[in-house]
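Both of the next two complexes hold chain A, though its partner changes from chain B to chain C.
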Partner chain A sequence: MVETLFKPGHTACAGCGQAIAARLVIDAAGKNTMVANGTGCLEVFSTKYPESSWGVPWIHSLFENCSAVASGVEAGLKYLGKKDSINVIAQAGDGGTADIGLQAISGMFERGHDVLYVCYDNEAYMNTGVQRSGLTPTLSNTTTSPSGSASLGNPRPKKPMPEIAAAHGIPYVATASVGYPQDIQRKVKKALSIKGPKYIQIHVPCPLGWRHESRMTFDVAKLAVETGLYPIFEYDNGKLIPRKITAIKPVEEYLKYQGRFKHLMKDPEAIKEMQAIADNNIKKYGLSATV
Partner chain B sequence: MVGHLTSKPGSSTANKTGSWRTEAKPKFLKKNCIACKMCVLICPEGIISGEGKNTFYCDYAYCKGCGNCAAVCPKKDIEMVKE
Partner chain C sequence: MKQFIEGSHAVAEIIKLCRPGVVSAYPITPQTHIVEDLALMVANKELNAQFVNVESEHSAASVVLGGESTGVRSYTATSSQGLLLMAEVVFNIAGLRLPLVMTTANRAISAPINIWNDQQDVMTVRDSGWVLLFAETNQEAVDLHVQAYKLAEDKRVMLPVMVNMDGFILTHGMEVLDMPSQKEVDKFLPPYKTTYKLDVENPLTMGYLADPDYYLEIRYMVQDTHKQLLDIIPQVADDFKKAFKRGEGNGLVEGYKIEDADQVFVAMGSVCGSIRDVVDDLRAKGKKAGLLKVISYRPFPKACVASALARAKEVAVIDKSISLGAFGPLYTDVMVAVSSLGSEMPKMSGFVLGLGGRDITKRSIMDTYERLFGKQVDCEFIGLKQELLVEDK
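What follows is the complex of A and B.
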């Protein structure tokens, strides 16, 4: 069997994007790592009591305080004089990051703890049954923002979590995607080489909640980037470094594979609205390789 | 007090999730493989191994049959076949 710090036998759904990203992150970080994990799919499927998929020390406490736990671990390691040889990672899903865990994250960034925070962004509360979160994209159909005659789905834009992290003045902020696995590992290694708080947000498709075929996980993740709906970039000490797209695709290419956007396919006005979001991203982050 | 403590790392390997497969499993054709390792990187279970060209295989005891390895292979050298 291949050497990994995230063992098989976990109970993620077939084709789970988060399982892919979690393994890539921990394998890039290496065995001298301690992980604080917020509540969410990842915590539930990787540690079915009394078993664990993790090959590193791993702590779960609550939804809201994984950054606080990681801060304490980091402070403890510092006191013992071991911080230089041990990485600390705090990780949670998009709900545990953008909604419930936000104040603890903000505190961790502000106090300047040497911790890498990884947000696995599957764009809703998938573990509890696809309720909308602060990172659910516009017009997405979830169980608490259903589409129908009175609504087209989630009426609100996605919370700009990377910008919120960057506004704390932390040295490294990045977004990544399961569609670019080598890019995830490069960013984790780069982040861990920097001292201070770091934030990486990884786009992880959820076949169950997004209602796409399980074999489409990689393709859907890649299309989100290629259409401009999920911009990949880094803020290296505040300086924006985008990942350029050579051939930008229309947003329908991404939306058509997913049940959560199915209601938009017969609505040209809604498609226009989604295209405007993508166009805005392309302009804002300078994603086009040709311009 | 010690609460829920799991002291054995990687003990989830006791769950043979291969029984979850309902339709198809990947077949590694081992003909046009260029050893790009995209299947290794993208497997949600992390069970594909191999080093050089045409040497890759997976552990069917855990494979859930999601089909991402077949979808990601640039040389179409992995095929989903009926169980």
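What follows is the complex of A and C.
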């Protein structure tokens, strides 16, 4: 069996993108790492008393405060003179990050704590049953942004969380996708080699919430990237470094596998709207390998 | 060493002597002087600590939670709305069994917004699992902080302790008090050592999800620790008395002229000072009045309170907060305690005074005394201005 700091036997759903990404992150970070985890699926499925999947020191406090707890852990390690040899990671889902946790994250960034923040972005409140979050994409059907005779689902664009992180002037911001495991681990290692606050947002499909087959997790993740709907890039000291796409695919290729977008498939106007979002990403982040 | 010093400065000084490694706070009146002083001590290298300026009380409490989880003694202070914003974290800290110490500069709760003293803020976290201690004077506030760390970090306890001191009345009041030396504090309070911490050599998981098969027992264990605290608090108070040659009461309660008292006031915090004066006045007139001061509100010393009130004929419970729609919280607890006396139970009256900083004068305390002999009351507001209560026509 592969040596891992995130032990199997947890209770994540089959095909859970977050469980895969969390293992990639902690294994890249290594055993000299402490984790402050926000409330959410990851915390619930990995630490049901008296069992834990975690092979590193790990603390869960509340939903919105993992970055403040991590700040305190970092301060404690600094006091003990141990910070240089130990990584501190704060991690949570998209709701815990972009909605309820935003204030505490902003504080952690502004204060310059030497902490890597990882947001596992499955684009809705999955732990409570697929409610809309600030990172739910446009026109996605969730239980609190359902499509209906007068609605196509979530009417608002995804909150630009990586841009918000970058606006704090922190040295490293990146997006990643569970569809590209080596890229996640490279970015985690790179982030941890830099002093100060870092932010990585990882796109993690949720078969239950996105309503795709659980065997499709990697394919769906890759299609999000290949269509331009989930741009992968780094801001290295503010400098944009995109992950280029060699063959850009139309957005339908990504949308068609997912129940949350099913209501759009017979609506050319809606597809056009989604394509415009992808096109804008491709232009904004310079994603095309051929341009 | 004797010093003439403001309450907040005294608290900052004693916290410095307790050597916390992580301090975090968000400013709120009337807590500010405490944390400003600590920040200056860190800036001047008088205190070797990480001082973390946060963006809210929720984060202040979360930062010290994180600091404490690495096995480093930590400290924060707050008041009023700040404590309410922290409330979620306050409960969490106790559930995680982290031995944090916090000062609450007690203040009223909005709306209407009001920066002055009462004790409503702490009552919102009454049920959190924290040990709640109340200081009557700044000397007592200083002494309780040292005992607070000693109690919290006791292996039998491992629970957070809050020292409550009345906002402005104590925090901004000047008083001559005896400040211990670093050597004395170090001797009483050795460095915090624990294996219950985040440690890469021994990776623990802290903050599990506990399902219905486990949750009940984990909560019961906190309650059981509070039961044991009824023995541990007097031990620590006694050790403190021996080491520092001062301290009244048994750490849980303190009586004043109570042994032969027919009428007893029960109260917490600085109001006890005024009540002592009223007791003296009444004694001068030949009335057998006394005071029972509750120092430890959680754990609530039920047996001490019952035995202290066993021979009283009338009891006035003075609350500086209220459970709106019911009674003063202290009144409710004292009632449960004296109910064990059965037919010997004194006539129990409950009064609410001083909300939002309304002066509690000797006259208003005498008001409660005079009402002890009339119709029994359980939640009587004292000092209401009737002219303000007339509704608009």
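Operating definition for what follows: the second predicted complex is superposed on the first by the 291 of 291 C-alpha atoms of A that agree within 3 Å, B and C clash if a C-alpha of one lies under 4 Å from a C-alpha of the other, contacts with A are read in each partner's own complex, and residues count from 1 in each chain.
We take it that a contact is a pair of C-beta atoms (placed from the backbone, for glycine too) under 8 Å apart; a residue touches a chain by one contact, two chains touch by 3 or more.
Worth saying up front: this structure is predicted, and the values here are computed from it rather than measured.
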First (chain B), second (chain C), both or neither touched by A:Lys7: first
Touched partner set for A:Lys262, first chain B, second chain C, both or neither: neither
Chain B versus chain C as contact partner of A:Ser52, first or second or both or neither: both
First, second, both or neither for A:Glu43, with chain B first and chain C second: second
Contacts of A:Arg186 with chain B and chain C, given as first, second, both or neither: neither
First (chain B), second (chain C), both or neither touched by A:Gly15: first
Contacts on chain A seen with chain B and repeated with chain C across the two complexes: 47-50, 52, 54-56
Interfacial residue positions of chain A with respect to chain B in the complex: 1-2, 4, 6-17, 19-20, 23-24, 46-56, 178, 181-182, 207, 213-219
List of chain B residues in touch with chain A within their complex: 4, 6, 8-17, 20, 38, 40-49, 59, 62, 64-68, 70-72, 80
Chain A residues touching chain C - in the complex, by the definition given at the top: 31-34, 36-37, 43-44, 47-50, 52, 54-62, 64-65, 68-80, 86, 103-104, 106-107, 110-111
Of chain C, residues touching chain A in the complex: 21-22, 24, 48-50, 52-56, 58-59, 62-72, 74, 88-89, 92, 96, 198-200, 203-211, 214, 218
